[in-house]
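Multiple structures follow.
Across the two complexes that follow, subunit A remains constant while its partner is subunit B and subsequently subunit C.
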Partner chain A sequence: MKIVKYYMQAIKMVIAREMMYRINFFIRMITLFCFELMGPLITTLIYMSSKGILGWSLYEILLLQAVFMFINSIERMFFQRTDWSLSMYVRSGSLDRFLLYPIDTLTLISANNFTPEQIFTNVLSIILFIYSFIQLNISLTWMMILKFIILFIFALVFIYSMAMLRFSIIIRVVVMNRLGELHRTIKNFALYPINVYGPILSAFFKYILPISILTNYPTAVILNRSLENIQYVILSIIILFILTRLFWKNAIKNYASAGG
Partner chain B sequence: MGYIHKLSSLVKIHFKNAFIYRMDFMASIIITPIIILMEYFTWRMFFSMSQTIQGYTFDDIMKYYVIIMLVSHFIYNQVGQRVQQKIMYGDLNQFLLKPMDVISQFLSEDMAQRMIAFLVEVIPLFIIMIIALKISIPWINIIMVLISMIMAFFINFFISFFMGLLSFWLYKSESFQWLMFWFLMMMSGQFIPLEFFGETFFNISKFMPFYYMRYGVAQIFLGKLTVVESIQIIGIQFVWVLILYGIVRFFYGIAVKQYGAVGG
Partner chain C sequence: MLNSVKSLFKREEIIVEALNSISFNIKKGEIRGFIGPNGAGKSTTIKILSGILYPTEGEVLVNKFKPWHQREKYVKTIGVVFGQKQQLWVDLPPLDTFYLNKTIYEIPDKLFKKNLDYFVNLFEIKDIIERPARQLSLGERMKCELVSSLLHDPDIVFLDEPTIGLDAIAKDKIRDFIKKVNKDKKTTFLLTTHDLDDIENLCEKIIIINKGLIVYDDTLAKLKTKVLKNKIIDVKFSKKIKDYQSPKGIKVIDKTDYDVKIQVDRGQHKIEKVINYFIKNYPIQDINVSNPQIETIIKKIYSK
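Coming up: the complex of A and B.
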């Protein structure tokens, strides 16, 4: 409860800060949406110019990309600015201040760097999801909804694990501006069905770095497709979470303030 | 000669600065092949049922994306954000006091960064292109591509610098810059070849500088243009460089007169 209370307080402060430059804030909101929309737009343009993709209709792909947009916007809401800010905190020595609070450091930093403008993308991803869903004429059952929610929770655990991994690396190497870009590049593989990446890469994205949980499995539930080897994917996420948590704790433990 | 000497000294300093954080370069080396791999698989998926899409074969589209990536590495800059920060925090004073024009000082930093990018990003990508995609480029095209890329660098630099100048009036202009960045990427063919947006869009884009930042260069690289057409592209790029330079000079002149530093 203490964390939720702190988070809400921090979000209020972030929004108040953003409202100081309202035009800047709203334009950023539109810009983020434009960037996010490129995936579905490119897919639609290619579909209009070609015979489509083997085994996937346009609306099935759009549904998958709507799930991607939704999960992606949630991740960005909590962790987008944290990469850069954490690097600044380490360089300036102000990370020490965060370590003194009786709240989990990662939560604290994330709350202070909350990105409210992602809400716009979030809402639009839901609209794209509903639109694709209607076009596909799917009948939804309670079991499907339940499975979707469970997989969505695991997608969030995966996102959190990846954030811990990134932040641990930043604390160790101080400046790695392109780490976020590397993360985004890898994550973008989830924009399309994972099986198109060939047997080796798709196995990698299922069991080693399970980005398939971000879109493929939740979409498979809605489309009534097979959740092939889902138990191994979930196991892989749990292992990843434990390892990255240990890595993060270790990074914090070995952190030596050097700024001033 | 004095100007060139000052410029090269600044380039050397920025070159050394950029090498402090080596992990960034390692990330750069990893990111490019990952993006190529992703493009390879996604486009293979789109070509699973079609032989050509908008006149592009699978090989053409792969070459297109690698070339676009190569050009993007070469022309990339963050000058808009840097100008904004200098204005916001009052650090522009240091630039104004130096015995060199402010635009040239920013330009020197970008030139240094692009030289490094040329070594760690452009050359490896060029080698990948030659070996993996078996692209053979005539010497005359290589020379024209190089000139065209340099022109594209200046077009991008002046557009970004202009966006940074907005901070003199808007104070915080980063969102405008990001919106412009997205617009540039779309209009210059970074996301997808411009033909995909339809004929009207394609024809309109030819009258804008963005077309000549990536798409035009890629067409020379791909050998889709004759020598005369390639020279025409370079000529238009040169005209855009002059126009944009004039615009930047004009607005910088107005902006700097009203500038008052409040940082400390």
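Coming up: the complex of A and C.
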């Protein structure tokens, strides 16, 4: 498929580009590694000095955070740099060149802004996942794996929808410096079980802005917990995808370019 | 300051018509010039034709496509080069961008190699396509940009000021390249430029746009005929002339105490009679007869 071929080629070029500035790449990688470790470390410290979160053991929370880290690293790999660069493209008018190629514009922009050092976070999340999984002594079935994959795909659809929403807003308003940060702040609510936030916020994070799909539901599958009302969460994601896709198309239609 | 703060809550909107019902046709295989003063609507037109912008109303058909409706299919048939916006990956060699374009445009291997060899030889850029683009000079980069836009054999190429900032030799090379590709591949070019030498060297027909309206759409030859019916005579006096009197019906373009520049309509006055008038009535150091610059007529059109 053309998009996959394009991504593979563009990623190779991005890595080649990053390797031209190796020191910068290594420092970014080390910084990221330390930053990502903080979440699980702090959680471990909390559990060492308190009872932690009611109904969740340390390794269950670490499993949830590993899932979050994995999905987060995929999102950052493809969309984080775009949060910064898109505003610059719109301001300077260089978004024009992304509209001149016979390939989906968002694919083109995100591939151009691929962040390769997130691969290490990916690896870290898999290590954490395997470690927690072993500690929990879980018996995995094929049905659980299948459900996990399906929910993971919906998590990716949610991430993609949120990216379309953010980028559409940036194209419309040109400068929106903190939008990416706002998104990350909201997303970080998924670092912990949704039920800790009370009934109203829980409902919001399940059915209106379903960040619960990022961690809670996939982890619930592995831990054999209830997937209560998952159908409404999935419906919410589908509606969000359709609406944000329309919003994105409208943003491109109203893009005014810059410069003569 | 107060207005800036007010604008946080309420903003006045002014509607500006970038283009006003413009209409033109371009035949396959043409190299059409598209000129106009700054802010006339040239780049807006190119962006609409290339599918970047959606017009508020009107019809555009390029190769039977409506650019903004079928964008992904349509852009496979066009190439675009912006003189002021780079499309090459800055940190990597142009060759990498060429291969990436090969994937995006799904160019078959044989065609890609054939076109790459053809363009690289035509521009003699074999040595530079493997150097990072940011290390190339402006002229070298522009050559690579042109190659990048042509690898997929587009039917039409939009060039938005491709020679801007280039030296005379680089400009000549770009012009020769465009002519050769147009001749060999029958590629249609629509060229916007402020450099009238580009127009004179490349275009048979030109469109002049001003304030969103097309003010001229015909051959360069016809435009020149309008110009060539006039002659410019520069007269230098050998001493100070205070009471200069122009021949009747002759337009004075410029005048000082020591020289005068006049425009003579050949349809109404004979050049030799005008020259004789000066020789008879004034002490002459030098007389020079020339054709008006094409810029003159275009500036006139721009200022309307």
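Quick notes
Methods note: the second predicted complex is superposed on the first by the 258 of 260 C-alpha atoms of A that agree within 3 Å, B and C clash if a C-alpha of one lies under 4 Å from a C-alpha of the other, contacts with A are read in each partner's own complex, and residues count from 1 in each chain.
Please note the rule applied: a contact is a pair of C-beta atoms (placed from the backbone, for glycine too) under 8 Å apart; a residue touches a chain by one contact, two chains touch by 3 or more.
Remember, it's a predicted structure, so these values are computed and weren't measured experimentally.
Once chain A of one complex is fitted onto chain A of the other, the partner contacts of A:G198 are limited to subunit B, with no touch recorded for subunit C. In the superposed model, A:F120 makes contact with neither subunit B nor subunit C. By the touch criterion defined above, A:Y6 reaches subunit C but does not reach subunit B. Touch criterion not met for A:F247: it reaches neither subunit B nor subunit C. Looking at the shared chain after the overlay, A:D96 reaches subunit C, while subunit B stays out of its contact range.
Using the contact criterion defined above for the overlaid structures, shared-chain residue A:Y207 touches neither subunit B nor subunit C, since it reaches no partner. Of the two partners, subunit B and subunit C, it is B that touches more residues of subunit A.
Of the two partner chains, subunit C is the only one touched by A:A16; subunit B is not.
Subunit A has no residue lying at the interface with subunit B in one structure and with subunit C in the other. Against subunit A, the residues of subunit C that register as touching in their complex are 38-39, 42-43, 47, 50-54, 68, 71-73, 75-76, 78, 80, 82, 84-87, 89, 91-92, 96, 99-100, 103-106, 132.
Residues 21, 23-28, 30-31, 34-35, 38, 42, 45-46, 49-54, 173-179, 181-182, 185-186, 188-189, 191-193, 196-198, 201 of subunit A touch subunit B in their complex. Touching subunit C in their complex are the following residues of subunit A: 2, 5-6, 9-10, 13, 16-17, 20, 92-94, 96-97, 99-104, 253-257, 259-260.
Those residues of subunit B lying in contact with subunit A across their complex are 20-21, 23-24, 27-28, 30-31, 34-35, 37-38, 41-42, 44-50, 53-54, 170-176, 178-179, 181-182, 186, 191-192, 196-197.
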